Every structure is written in C-alpha cells, then in structure tokens.
Amino acid sequence: MIDVQNQPDNRGIPIQQTGVSGVCLPFLIEDGGKIQPVQAHVRFTVALDENLRGTHMSRLIEILDDWREKPIAFRTLDAILRAAIEKLSTTAAYIRLDFKYFLERRAPVSGRTSLLDVDCTLVASLVDGRTAFQLGLSVPFTTLCPCSREISDCGAHNQRSVCSVLLSFGGAPTVTIDGLTKLIESQASSAIVPLLKREDEKYVTEAAYNNPKFVEDILRDVVIALRSIKGLKSFSIECENCESIHNHNAFALHDEIVG
Amino acid sequence: MIDVQNQPDNRGIPIQQTGVSGVCLPFLIEDGGKIQPVQAHVRFTVALDENLRGTHMSRLIEILDDWREKPIAFRTLDAILRAAIEKLSTTAAYIRLDFKYFLERRAPVSGRTSLLDVDCTLVASLVDGRTAFQLGLSVPFTTLCPCSREISDCGAHNQRSVCSVLLSFGGAPTVTIDGLTKLIESQASSAIVPLLKREDEKYVTEAAYNNPKFVEDILRDVVIALRSIKGLKSFSIECENCESIHNHNAFALHDEIVG
Amino acid sequence: MIDVQNQPDNRGIPIQQTGVSGVCLPFLIEDGGKIQPVQAHVRFTVALDENLRGTHMSRLIEILDDWREKPIAFRTLDAILRAAIEKLSTTAAYIRLDFKYFLERRAPVSGRTSLLDVDCTLVASLVDGRTAFQLGLSVPFTTLCPCSREISDCGAHNQRSVCSVLLSFGGAPTVTIDGLTKLIESQASSAIVPLLKREDEKYVTEAAYNNPKFVEDILRDVVIALRSIKGLKSFSIECENCESIHNHNAFALHDEIVG
Amino acid sequence: MIDVQNQPDNRGIPIQQTGVSGVCLPFLIEDGGKIQPVQAHVRFTVALDENLRGTHMSRLIEILDDWREKPIAFRTLDAILRAAIEKLSTTAAYIRLDFKYFLERRAPVSGRTSLLDVDCTLVASLVDGRTAFQLGLSVPFTTLCPCSREISDCGAHNQRSVCSVLLSFGGAPTVTIDGLTKLIESQASSAIVPLLKREDEKYVTEAAYNNPKFVEDILRDVVIALRSIKGLKSFSIECENCESIHNHNAFALHDEIVG
C-alpha cells in the first residue's frame, strides 16, 4: 500500500512540530514517591524534515499506548521522547500532558482530610539530544482585598483566586507537584480546603481577614518563593482573582530567567 | 439534481426536532424599547414527518439570514418560526438564541456608569399553531455567608455567584431583560457593578456584610420575586455560589408551575 | 458555636435541591465486572424542609469522601443517597457524576487495540423511599453525508459526530457503559478507533462511504436500538454532526417514554 | 480615604503586568474601512514600579469605557495604551481583545451570501515609548486526507479544521482581518461557507476531494503565504484537523522570525 506521508516534499520548509493533539488517555503519574491514576489530555509531536511530506501519526498513538500502565515521571517522558525520535526517524520530539491531580489537605482545626484538585501540566522536549522539562500548576486559593478591608467599617471582599505557574528546568524538576502547590498556597490570604467543619470555617475566615493581599502581593510573594527553587532556569506566573464585587478579574503576570 | 433528503423513509419514526445548531450570527435584540447588537449562538429546528428522510437545513440558514438586520423580539421569533414551518412544510418549529447582553449599571456612591454583561437565552416554539416563549438569564452578583460572618471574630467569606432562571410564558414575556436582571440582583447580598471607585467599594463591601445570604436564602427570595411576574406559566431557578473558601460551589435549584 | 444553617425559616418555601456542585473527585467506577479509576465532577444535593434555613454542605463532602476507594455502581449511588438522607435528616437526595470513561477498541483489519474516551453521566435520585437511575453517554463516531455522496462525482463530506443519550430506569440500568456505547456506535456511518494503521484507515474510509447517513438517519436508528433495552422507562437522544463543510452543526433530537 | 494601593512596597520586585482580565465589553471594530459591532473579552494591564504596592484597576475600566462608541483599530489601541500610561503614571501598558468577527462569504455556484465567524485577537503593547502590534486569527476550513484518498477504493476522510495564526508587526498591521482570513482559507482543501445550496455542496465536495492536504501541507502553504506579508516581524501558526476517523486531532505548529 502506498505510503503517501513518505512522499518527498519540495517546498523547502522543515516543520518544527507535527503530531497529535487532544488525545485523552489514562496514565499513572508518579510524584514524590506516590502513584496516582489520572486522565490526561496529550499533545505529542515531532520535527519533520523538509524533504518529507508528512509524519506517521499512528506511531505516536502506539508509543503512548506502551506507557499506559507504567508510572509517568519526568524520566519516563524522556524515554517516550526517545522512542518517538527513533520510531519516526527524526531529531526532535515534544510532549505535553495536562491533567487534574489530587492532593490531600487537612482542615486547620478539625484535622479532617479531603482532596484538593489542581490542574497540572508536564512538558518535555528532546531536541538534538538535549532534554528540557517544564512543570506547570494552577493552584486555587482565597484572596482578601486589603483596600476593601481598610476602607470599610466591617467585612472585606474576598474571592476564589488561581495562581498558574510554569517552571522550566534544564534537568528533571527538583520540586514535586505537592511541594510546589504548598509553596504557592502559602502565599495566599488563605489556602483552600475542600472539607471544612464550622470551627475550620471560622479559622480560615479570620486567617484571610488577617492576611489581606492584592493580586500584586500574591504575585510578588510567589516570585520570591520560586526564586529559591534549585535548578530552575526560568519561570512565568499568572495570578487571577475572580473578584466577588465585579464580573471581571484582577490579573498580574511576571516572567523571569533565573540562572 | 437528486433530492436525497426528500426520499421516503419507512422506519415509522416522526422526528421531534431536526435542524442546525452552533450557528453563530450577529443580531439586533430589542428589549424595553432599546436595540442592541449581539452575537448569538442559535439552534433552529423543525419537526420532520415520519415519511421523509431528512430536512433541508440550508433553508433554515437562509431564514436566519433574512432577520440579520431587523430587530429580534419575541414577536420576531414567532415570525421566524412561521417562516420555517412554511418553507419546510412542517407542523412545528423551534428556535433558541444564546447571547451576552449588556446593561448599564450605576455605582452606588460615585454614580459612575459601566456595562454589566449577563448571559441571556430566548426560546420560542410553534407547535400545531400555538406559540410558547421562554426567557432565560444568568445574573452574576455577590453573596456573603451568614454562618462565616456569625462565627468569625472578623470578616466573612464572600464570593461571586450566579443565578440562572428560565421563565416560561404562554404569550410574549411580560418582563424585559433589564427588569428581570434587576429583580434577581436585588435578592443578592450585593449587586455587581463593573466600575467601582473607592467610595463605592466601601459601600458594596459594607452592604454585603450587612446582608448575609446563604444560597438557599437567595433561591427562596428569587422564588418569591418570580411568583409576582404576570403571565408566567412556570419557572426554574439554579443558584451557584463560587465559594471563596472551597474549590467547589454551593448550589440550589427549584422548579415551579405557577398558573 | 451557633448553627446558623439550623435557624428556622418562615418564607414557607421547601427547597427541592440544595447542596454542592462542581466537586471534582477521583472515584472507582464499576461497569460490566471491571473497575476503572475516573475523575468525576459531582453534583450532590438534598431536599430542604420549608422550616429550615440551610443545609449542612460539609456533610455531603464527608459522605463523598467515604466512597473514595470503594467501587461506584448504581447500587453504590443508592447507598450514598441513603447516607445523605440520614445524615441530613431529609426526605430526598440526588447525585450526578460526570466523567470520562475509557473503552478498549480494536482496529478492524490490523486488530491493534487502543482506548476510546466517552463522556459518561450517572444520575440517581431517592425521593420518599423510591430510587430512580439515569445513565448518560456521549459517543463520538463518523458520519458521511448521503446527499453529498449522491450528487458529487467523487468523494463525500464526512465528519466527527457525537450522539448523546440519557436513559431513565426504574431500577438499576440493564445495560453497561460498554454495551450502550457499542449499541450507539453500530448506528454510525463508521465507529471511531483511536489507533488505525493504513489498512484500517482504508477500511473505515470505505465503510463510511458505503454507509452514508444523515443526522436524521442516525437519530432514527438509535431510537430503534434504544427501544429494545429492557427495563427502560424513557430516553432522550441528541445527535450533532460537526459538518466539515460548515462552521455549524447538523442537529436532531428525540425524547420518548417507553414503558 | 486611605489609598492602600499607593502604599510603598519594599520587596524590590517591579511587576511586568498588572490590571484587569476577563472584562466583557461591546466595541466597534474598524477593519478595511468597515465598522462592525463585536463583543470582546479584554485583558488590559500596566507595568507597576517596584516601589508601589498596587495599581488602580478602576481607572483601566474607565479608560475602556471611554472607547465604547468609537471605532477600534490599531491606532485606537495605541491611544488607549497612552491613556493608561498617563492615568496610571507608568512606563508600559498592554491590551488584548478577543472577539468573534463576521465575514461575508459567497457560495461558489449559487452565489448566495452568508456570514462566516472567525475568532480574532488584537494585541498592542507600548513599552518605553515604542508600540508593537499583533493580529491573531483562527480560521475554520475543510481538509481532506491525501492518504485516505489514495489508499481507498472510494471516498476519503475529511473534517473541519482550524488554522490559528498570530502575526507580530513593528508598526500597524498591513493586512485586514478579511484579507488575512482569505489568505489562510485559500490554503485549505476547501473553504467553509455557512450557506450552501445543493449545487454548492457538490462543488465543495469535489473541490476538497481534488485538493487533498495533510495538516503538514496546510502548515507549509500557510508559512509560504504569510512570508509575503509586508512589514511582518514574526509569526506563529497552529493547524489542527478534527479528524473524522479519530477522537483526537492531527496537529502541526511553526514559528518564524521574518525580518
């Protein structure tokens, strides 16, 4: 049967990335020594030489299928990329997984535990023999407005906020999903806990009131916290407060090359 | 050219609705004597006789196109449905438009005006000569938790909430989009205003603190408010508070047949 | 500590459903004798007496937490609802889980297997001692247009389509997720298989070309297929073809009370 | 009333961007001499000096409000950014508008006209007195698979695809929304037209069959087409085919610095 993808191409344009996107698959994610089943959306691509018309996309699906029941960590992503480079006879491969990851959180007074979901992104690239990794997280928490608190006789507007970070590492990331989430949560007016009994609700309400922060405060405190991570090459941060008094958000972003 | 849609069908199944969905078009919406350009997502369907294989969907797009520059109100939807019934030789037609609608709001102290966006739905059906209408709205506002306020030494958690209502009328709706939005907003801990100066922020912060409401309180107060609307046959309400202290929502719903 | 939720309410309005929504949690789903880890979005609500101001939402989160590591099937949902009714001293409870579920599919010629993701919904209600169940599925497949094929000298437009069904049962559903998915897929121009080698691609291309179907054909054939399910009380079907030649969809729907 | 935002900050971190996001507003967009009302989602931010705690976000909303009824073109975005820099005493400002834009398209045989919606993005930045602009578009069209066509005895799988481009210019963009859309559409297997009569459906079906293209073909042809645009500094392209035979997409991307 003719292999149309393998036909020559004379437009003279090497393609940076071609492959599959929107692939939904179950995986086992390994983080900090624990293994958790997740459902990931995957983008998996390779470079294509200027002389070739198309890549063989079904091979990318086959490779993903091989890792269905083996734990995925950054070293696994490296092996997946090496398989792609070999099976598709190319020089560069890229993978991105987006999934929800669950972390156990303990209520501050009652000590009851529950599961917090964070949006997590793992990215790996292997270009000309060099691997690079990125770890992305979107962490929800509470912010309470310092201005509203200061000018009002009672109360202060507060809201659900989310801080999204993307960290770039030369080698394998030196932080866990759980550790990075805690680092970010600890910059908030108050962390979010799914299960709160009344004594816990009193605690987090007062904690947030006593720790008012603008979106700019959160951003600066996360910048300072991220700078301390070993092996970090660069990071980007986006903070968004879903203002309870508006139908739009307060927003701040910051990018930085670290080392 | 052969008309495949017009082929006979012998499965003996009359189809309740067939047509087009996800159609994105600009329209002019008329509400309370004002005309506003909107961008709507449209579902437009007709009944199909058991003896026919398919409907002629391009005619539905042609009909929508005829109304592109004429104001859309409930009486227009009735005319659109009559055109569908005639052009497609059927006995029933249905249309649903979803769009963002902008309402001018005034800040409580500074008096500055700004535009609030609400999600609006217009539905009309014409079955065996009888027209029925539905008006749907999703209105954002602020809620402040009575429990959090009562048990805490300071502050109270509050958040952005949304109340979605769907009202069914026998004839044309007796309320405007603006009027129904205001009716719902006035049941909140505080209405949302996009543009607030500092004196306004103090006002809405204190107003919400002094008017704490559970999701159940909002629901009940909206029930009472809707019951007073003339000509209403039935309504459904869904209230959702995007809790600032959780990553999930507090939720309540209620359906009622009125008259 | 004062229990504000437990305060009396004198508005005279019993609330049909109040509780939590948008709760994201991992569960184990049991279907057809197999157990699969999923990530579900949950809505979990109870009825509230007209004399009570609010429900105790943290108890609903506690109940969900109890079932985190036990397989969820319809009988489990019944037990979850009974726990809610007991812990919240009410007469009705409702739960809805939405999640992606993975099914193994075999390529038609090469025999290679891969995983297809379908969107699945489980609903259960327990009102005045009577339980009712609903099973919902959104199944993707290929449709090829009979009109386009007939009138064109070569080719025919085809596209990804999705059929969403919601089945209501008096007792526990008599179909599995896998079985119901196969029943729907077999009404398509061709089923979707994530991993196709070239010989498979030839097969599905020709299969779809030789089995052209309008959205109305799919709908009618699914109606006939669903009518044969034992114990079914009613069903609703929505079919949507993401037309390759338009930026909108062809759409059809049908509701039916069976027994 | 105390100005908490204006308090000094001693963390030593200048903030790159802070402001508002998710603002939904109606605007008038001017493109190629025509003016069209749209509903935009806006992100509007400024730089914040390391010595200041927060910015005054309500002023950003006020500025947007000033341009509600005046046509928005790239020169308007420049004026909006200058207003932000002046009113917020800063050195850099950024704005991004995302909206649906409607373009009239003519059916190839019947000549009937209808409106195609494309997703459009306008970005402008003013940093240290220098303005830069970006124009982004997501254009839907049809692709037909060359491999499927070649290996199959009849038919070929085809699908809805989308090509998203982001073009960066030093000065004001030299292309219109309409012109750039047409440039991209003309690289497809067939352009999409919302309203097609039967003779048009025959035409586009055969046109696509006679012009099969892989996602890589589309990408390369768009690369060649974009390189010819005057004044272009750089561009990025993402092409995604919503494969009719899979539940995932074929995907390719390419970035290039032009001049």
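By letter and in written order, the chains are A, B, C and D; residue numbering begins at 1 in each of them.
In this section, a residue touches a chain if its C-beta (ideal position, glycine included) is under 8 Å from a C-beta of that chain, and two chains touch if they have at least 3 such contacts.
Keep in mind that what you see is a predicted model, and the values were worked out from it rather than measured.
A.B. asks: Of the pairs A-B and A-C, which shows more C-beta pairs in contact?
C.D. replies: Here the pair linked by more C-beta pairs in contact is A-B.
A.B. asks: Name whichever of B-D, A-D or C-D reuses the B-C interface, so over half of the contact pairs are the same residue numbers.
C.D. replies: Match found for B-C within B-D, A-D or C-D: A-D.
A.B. asks: Counting only Cα atoms for the centres, state how far chain A is from chain B in Å.
C.D. replies: About 35 Å separates the centre of chain A from that of chain B.
A.B. asks: I'd like to verify one number: the distance from the centre of chain A to the centre of chain C, where each centre is the average of its C-alpha atoms, in whole angstrom.
C.D. replies: Measuring from centre to centre gives 29 Å for this pair.
A.B. asks: Could you say which residues in chain C touch two or more other chains, in rising order?
C.D. replies: Correct list: 1, 23-24, 61, 117, 147, 151, 194, 196, 198, 202, 247-248.
A.B. asks: Chain adjacency by touch: line, ring, star, complete or other shape?
C.D. replies: Graph shape, chains as nodes and touching pairs as edges: complete.
A.B. asks: Using the touch definition from the top, list the residues of chain D that touch chain A in their complex.
C.D. replies: Residue positions touching the partner: 1-2, 4-5, 9, 11, 13, 15-24, 43, 45, 48, 53-55, 57, 61, 146-147, 150-151, 214-217, 219-221, 223-224, 240, 247-255.
A.B. asks: In the complex of these two chains, what residues of chain A are touching chain B?
C.D. replies: 116-117, 140, 142, 144, 147-149, 151-160, 190, 192-194, 196, 198, 201-202, 204-206, 208-210, 242-248
A.B. asks: For chain D, which residues are in contact with chain B within the complex?
C.D. replies: 1, 3, 23-26, 36-39, 58, 61-62, 65, 68, 100, 102, 112-115, 117, 194-199, 202
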